[in-house]
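Here's a structure for you.
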Amino acid sequence: MCRVVAVKSTTPIQLAHLLTRPRHSIINQAFDSRLRLDLRRPINGDGFGVGWYGSVVGERLGHQPCLFKSITPAWNNSNLNRIAEKTKSPLVFGHVRATTAGSLSQDNCHPWSYEKIMFMHNGGIAEFDKIKRKLQASLSDELFLVPQGNTDSEWAFALYLSKLPDVHAREFSPAKPFEHLNELAREANITEPSLLNFFVTDGSTIVASRYISSKYDEAASLLSLCHPRSEYAPGGHYRMSKSDKRENIIMVASEPLTFEKADWMEIKMNTLIGGHVTCRTQAVTLAMLK
Amino acid sequence: MCRVVAVKSTTPIQLAHLLTRPRHSIINQAFDSRLRLDLRRPINGDGFGVGWYGSVVGERLGHQPCLFKSITPAWNNSNLNRIAEKTKSPLVFGHVRATTAGSLSQDNCHPWSYEKIMFMHNGGIAEFDKIKRKLQASLSDELFLVPQGNTDSEWAFALYLSKLPDVHAREFSPAKPFEHLNELAREANITEPSLLNFFVTDGSTIVASRYISSKYDEAASLLSLCHPRSEYAPGGHYRMSKSDKRENIIMVASEPLTFEKADWMEIKMNTLIGGHVTCRTQAVTLAMLK
Amino acid sequence: MCRVVAVKSTTPIQLAHLLTRPRHSIINQAFDSRLRLDLRRPINGDGFGVGWYGSVVGERLGHQPCLFKSITPAWNNSNLNRIAEKTKSPLVFGHVRATTAGSLSQDNCHPWSYEKIMFMHNGGIAEFDKIKRKLQASLSDELFLVPQGNTDSEWAFALYLSKLPDVHAREFSPAKPFEHLNELAREANITEPSLLNFFVTDGSTIVASRYISSKYDEAASLLSLCHPRSEYAPGGHYRMSKSDKRENIIMVASEPLTFEKADWMEIKMNTLIGGHVTCRTQAVTLAMLK
Amino acid sequence: MCRVVAVKSTTPIQLAHLLTRPRHSIINQAFDSRLRLDLRRPINGDGFGVGWYGSVVGERLGHQPCLFKSITPAWNNSNLNRIAEKTKSPLVFGHVRATTAGSLSQDNCHPWSYEKIMFMHNGGIAEFDKIKRKLQASLSDELFLVPQGNTDSEWAFALYLSKLPDVHAREFSPAKPFEHLNELAREANITEPSLLNFFVTDGSTIVASRYISSKYDEAASLLSLCHPRSEYAPGGHYRMSKSDKRENIIMVASEPLTFEKADWMEIKMNTLIGGHVTCRTQAVTLAMLK
């Protein structure tokens, strides 16, 4: 399973404070098994990606997020270290990959973006090879050509986009992509459960799901923390902890990213939340495959 | 356009003698415009790949060729330099890529292999986006899952495989892949010509096409040379030239790889040749789209 | 020889307008020989680097520039394309490398930085192996440990730093690094000329040299353009040209980066200029080796 | 600490049987913490390298080993997987790196070679920055120019070479490199111990040390196994175990590479062994710093 984090803040945060410096960031947990809060997770060294929305609106990318991806491990990447020190953003996605499907290439690193929508996935679509053709057939010509890599996750992104009324719309029936994937699995007699923790944003709102298509198994973990604060710990190490002051930040992640695990709230299984910076989340319950 | 070379020899040749050392090898021409025999060609720095058949039969790869690919330029690759010095093979494919479609990733570097078949392409399928879906639909479930990258060339390989009676067969109707691609272009009202110089081998015979789907335009160049010989040139530079002795080697390439251009025989347009080590080639004339 | 550009502007410029989009940018000239204004130059595919000063002051890097480097060619780098679209800076260095010495690694890509000083080099130190030990011996313990790669250029940076009164000082005797290198060459009986086009900045002022250690040979080219303007050309292509309006931008580069070559002013040989945004430059004449 | 393996066999072994397939190979232990036999070791994802002697003697490399290195993790490297399946060698070095010093680049990946000598290191030279200059000063001009990267290990290789009577000699005083490093540490008042597990070969004999410069601390682990055998385990997984038959293979590694840990013999601390294929080893006791 991969390690993921999504953050939204009213004031832009320095990427280094989220990704490269905190002792329990997704990158440092990926690197050092002694720091891992969940020891069952394997190593995440198969590339990584970071996406963020900034202040520069370009002719080509417009309001699209900036993406930085690499096939070398995140914990030893000079470019990431420098960019993270020099970049601030109010909305950041980070993803450290552990390969389940797809080769090691930047095309296969999360997150992906299309227009201003950004997407990443933690989990896997069960026996994806059996439904790949039907999933592709359901896409419009435009969206069929969007994926550049060969992962189940990137095709799930295309499917997700296809369920939006249009890519600029803020509202849509959030259960539809899940229902469609369940339907495809049913038709292909797939019984192995799919783990569909999706993270989507349009640059202002984050939507995240914690979902498994079976009611007998456990979904991949998903937790959230409101109002975290980053600070230098006494020993010199950088740490992140829950803030006393009410800074308007919400983090959603695959594992607790602060030493105080208990601060983190577990997202209920088979739920899709719309995270707002006020930390009030709307939860939608999603139907399971069986 | 890319630079390609395919070589078959009765005695194994050292890869360095073909790829990294000769002054006019595809790699050195790619690097140094002063060496280019065809100045119209652009730079080829978008990755490369080498495939060769060796003596080791493994449990996993069996008689499949060994492939080495890289996304950094071929002319400055320490691994390639060392492997080329230390490897001999009787049948070698080399490909230096200049991107027309597909991102920079090892998945997108030629050649590709499936079982013991190896394939590479010089050219491009016109407006591939318009026929991608139909081409995929024509493939069996097995072959649909073969491509790992996102180039027209790799899907052409899958199409090619689909026209073989079976991947172990030596004979098949060689015109079929071209006819199928023409048919798809016709249905999609594509008028821009496709350049389909394909190179295929099963480890013992090389088949190469020089093809363009229009009769009004010129196909990408394709030349062959029998009995080349490599030697140290007086000034210290390594060179390749036509041999007086009858060494049983045949080279097929996108451009002359020796200083003496005139030694190279141009393959006729819209022809598919089956190159044998005896240098007798069987030519099959292919129909054009229009 | 490498391709280099240094730009200073009163208003931050989008990196894409300098690097990735203009038809004659150093990156596009490196890629497409048909665009090259100087056809004698070889291909520049051995990695690249971009450095810029931004608005974010970090705990670790402080006022240091942000650097992005890659060992894959600049013309096909998704990260560069996205970052260039999303980043604005008032002072940018860009360098596209053609290897003369040193292997292909990010450590060997220009520019380098130390504290707030950034440096890049176009040219080469003649027979560097013969003076490497003495050059290293002249450095302080601190500066001896700065270089991470194995190029003559990075050691020239360390030497350059050693001649600054301190790295925060704005003034120093600009001829000293050149004199020191000439002295080392003299002691080692090196007669081949060194090409020392250095580019240095502290984030507010750019200093650039056009220098060759012999009076019988020509230095590598160095040109400057004041008040350039970027615009969409009629045919849809992006172009850069001399501005009518007095935008306060100065560009210094290894070759003309606009179609109108004549707009560019050649820097005199063996001169070191201090480029200010007002386009008044101070020129210092440097002594030659012989 | 890195993971290392050195193997010598009378009959060439397939690299895949040593590196990519066995469940407890250095690569698979690096990847999957559940397979790790020594859980204290951190992740090894900072590049890797493999070196082997083959049958092809080239004009440039002669009897030098072939090296393949990469900065992406070893457990997901298509080139390594294919090359390992297709290559056999009687003498192989493998090294999976966990960075302690030096950036992530192929130049910094072990093993290195010079003429026919190949070298790798597991451990670290304490406070190397303090002795780097003196170590370099002790080298001949020729050896001073050998290192291309910036690690303590590669400079240790240069030092090692400098103690050989000549690089073609088989005999030398094996304690000298250790004594020299201890002397440098003493002069620089370095008290932190250096871990110097060196592996050296000339293509026919392997020499390996298990050394720490302090008598109060423990050296990095080093074990050996004679006559291992690789076979398919019942469940389908590939495994390596001690052979009943007397196949002439000796493996020296940083950790047990078979499930049966007890088969492995621990090398005594501060010992240098010369491993012969007959499994008779000559042990030399090395003096400690203090």
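As written, the chains take the letters A, B, C and D, and residue 1 is the first residue of each chain.
Operating definition for what follows: a contact is a pair of C-beta atoms (placed from the backbone, for glycine too) under 8 Å apart; a residue touches a chain by one contact, two chains touch by 3 or more.
Just so it is clear, the structure is predicted and the values come from calculations on it, not from any experiment.
Contacts with chain B and chain C are shared by A, D. The distance from the centre of chain C to the centre of chain D, each centre being the mean of the chain's C-alpha atoms, comes to 40 Å. Contacts with at least two other chains are made by residues 78, 103-104, 106 of chain B. If you sketch which chains touch which, every chain touches every other chain without exception. Partner chain A is touched in their complex by these residues of chain D: 31-34, 39, 42-43, 45-46, 71-73, 75-78, 99, 103-104. Chain B contributes residues 102-107, 129, 132-133, 136, 141, 144-145, 147-150 to its touches with chain A in the complex. Within the complex formed with chain C, the residues of chain A that make contact are 14, 16, 54, 56, 58-61, 66-70, 78-79, 82-83, 85-88, 106.
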